[in-house]
Amino acid sequence: LIKEYEDDAHQYVPTLGIPDDEFVTVKKLITKEEVRVVTLAKLKLRHDMCLWDIGAGSGSICIEADHLLPNGKIFAIERNEECRQFIKENLQKFNTRNVSLIEGVAPDCLEELPDPDRVFIGGSGGRLWDILDTVDHRLATGGRIVLNAITLDTLTAANEYFGNAGYNVEVVTVNIARTRPLSDYKMFEAYNPVYILTAVKE
Amino acid sequence: LIKEYEDDAHQYVPTLGIPDDEFVTVKKLITKEEVRVVTLAKLKLRHDMCLWDIGAGSGSICIEADHLLPNGKIFAIERNEECRQFIKENLQKFNTRNVSLIEGVAPDCLEELPDPDRVFIGGSGGRLWDILDTVDHRLATGGRIVLNAITLDTLTAANEYFGNAGYNVEVVTVNIARTRPLSDYKMFEAYNPVYILTAVKE
Amino acid sequence: LIKEYEDDAHQYVPTLGIPDDEFVTVKKLITKEEVRVVTLAKLKLRHDMCLWDIGAGSGSICIEADHLLPNGKIFAIERNEECRQFIKENLQKFNTRNVSLIEGVAPDCLEELPDPDRVFIGGSGGRLWDILDTVDHRLATGGRIVLNAITLDTLTAANEYFGNAGYNVEVVTVNIARTRPLSDYKMFEAYNPVYILTAVKE
Amino acid sequence: LIKEYEDDAHQYVPTLGIPDDEFVTVKKLITKEEVRVVTLAKLKLRHDMCLWDIGAGSGSICIEADHLLPNGKIFAIERNEECRQFIKENLQKFNTRNVSLIEGVAPDCLEELPDPDRVFIGGSGGRLWDILDTVDHRLATGGRIVLNAITLDTLTAANEYFGNAGYNVEVVTVNIARTRPLSDYKMFEAYNPVYILTAVKE
């Protein structure tokens, strides 16, 4: 399989479904390929929207979103220095056009950004409630927030926030298992479940 | 990538993740939104590829693929007349650019089509083995076949075929549940599991 | 542990795993066979314990528990008259020895019962908090409460209660699919997911 | 939590649902608590039956079955010496009454055993087909075989065998996730999926 991202990224990267191992990352931090695309589908991006990716991790969500927002703006917010290095490498490798990396801590660093149409929250650094409050003030009616929870606590807190703030909320649980070769056999290996919350501002 | 329908700027279609109920369809036939995007991710489409969608059903896969193949060709193959009517309505509603509807029974009707880079098999009408044989002869090295199985029998048969024919096979099981409102509560409702087989020709 | 019914030696009941369709019930109300036995396992019953089954439904949990509590006491609490009729028929059919049916509304009707070692909550009729408060006052240290939640709201409320009250809580999500014949094929059909909360009083 | 198995096993071991970490074992080899009880439910044991447990591993299945077969006979067959040591320790710890440990390789060592009413296959050492052939010759009409598959290959092979041999087959997929504490949070961790095949001889 020939890959020549630096020379000709547009030709060889898939327009959706970049394999996890194509990203430079701390292995456990990445949103798995399958969960990533369900997350993108829930965002219901339109070509010219503004997306905030809060807790961008390795940048995989905003790198795939770049294909879906050809005339849009994407802000990758990440407070961890090591992760930001990964994001920089990945942005370069995949030759993204519309992604800006924001160094800072959410929600403080959000002030300078243009209002979002869509917000993805992949991590909150323990400040979920503050982040949601800030996002709520900046998001227009009809806007969408998508949040991936891997703990019961985040699931509960986010669901409570959205309920109180009058959002229309859907929760999707995603349980995926993938075969990996085990001698001559295909053994099923499970990912940990992810709860994808989608909140629409009414 | 700009899409408008019903002359209504507020009803732009998302570039990924069209909700299931936007498609005209027999309800049980549609590949659910979340499974649909995982399927598209597994196809790893590139902008100018040729995709065969065998057993296109309501056309949801090829309508979403149309956004991911701006310079490509998509053939929606469907033998059922009622389904073809749904596909026609959906193609028009979503204003697809690169999808051709093929009336006929696979594998017979595949002869006239250009060679595929990617093949999705959503239904086989009981002729899975013949279809796979034909696809195998037409698919180039490095090409990909993605098949969604909802029965143990199809999972087994396809896996056996791909193993014998020397493909590199991955199986992903997708278990999704979605909340729906039940009086004031959010009740989890499960979709039936889907087995997504991805076979790469080596 | 010998059980006979309908005078037919070939129809001995199994000591664990009574099929769902052996119970008289409203079909949707029964805890599915697989979920039922995981629930029983979480209760960690010992031979002479006292079990409260609150919201007993069709009685399937306490009928299976009867085998596991040969020297114990089981109280099936159910406020719905139609369900109580089902329970009566099922208790008779399966010839239980240690189950008493309590007609009344929890938590009010719990006062008259002996203190429990184990409590299963299958339904709360909208009074979950009151029921948990009453159970908490009556349960000894080391006692266990098991609760099956099918809504996000019940999962959240119960988890919050147990956290505040100082219980050690584990949540298990159970996603089961079972094949059913579809012409010659075995099609996978999913049950809705169930969240089994186990709270141990410390 | 006081445990005094040696002195008073009957009093302190639960009659169902022994926690995984109570067994001496290689950690990855044990059938998880929740899967174990679903497996036992599928066996539909009656009080005086004869059970073969082929590939007994740590003995957890036959130790729990011992409670459900008070007048029965259980044969734990295990070819691995290290595993047999674990089984011996576990049998002693849980003070089982009806379990006999068989040192040998299935199907060869099955010849000496009495005919089974129920057979559980947890491992086959690469000789699945031979084992199923032998079991099929010894099992009476109405008998049951339960097999836990964690690979697609075993699932496929067993399903094919049972289909050819005229058994009535049900497949249940079990996807479980359990919360574990992560600092102050409850994080969901998935077990790998297990396919429980139940074959009834007609």
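Order as written gives the chain letters A, B, C and D; numbering starts at 1 within each chain.
Heads up, the rule we're going with is that contacts are C-beta pairs under 8 Å (C-beta built on N, C-alpha and C of every residue); 3 or more make two chains touch, one makes a residue touch a chain.
Just so it is clear, the structure is predicted and the values come from calculations on it, not from any experiment.
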(request) Same or different, please, for the subunit C to subunit D contact, judged on whether over half of the interface numbers appear on both copies. (result) same
(request) Go through A-D and B-D and name the pair with more C-beta contacts between its chains. (result) A-D
(request) Mind checking the centre-to-centre distance between subunit B and subunit D? Centres are C-alpha means, answer in whole Å. (result) 40
(message) Can you work out the whole-Å distance between the CA centroids of subunit C and subunit D?
(response) 24
(request) Please list all residues of subunit D that touch 2 or more other chains. (result) 152, 159, 171, 173, 175, 177, 179, 186, 188, 193
(request) Chain touch graph shape: choose line, ring, star, complete or other and state it. (result) complete
(request) Give every residue of subunit D touching subunit A within the complex, in rising order. (result) 150-154, 175, 177, 179, 182, 184-193
(message) With touch defined as at the start, can you tell me which subunit D residues reach subunit B in the complex?
(response) 152, 155-156, 159-160, 171, 173, 175, 193
(message) Which residues of subunit C touch subunit D once you look at their complex with the stated criterion?
(response) 1-2, 10, 12-17, 19, 33-34, 36-38, 40-47, 67-69, 142, 159, 169-179, 186, 188
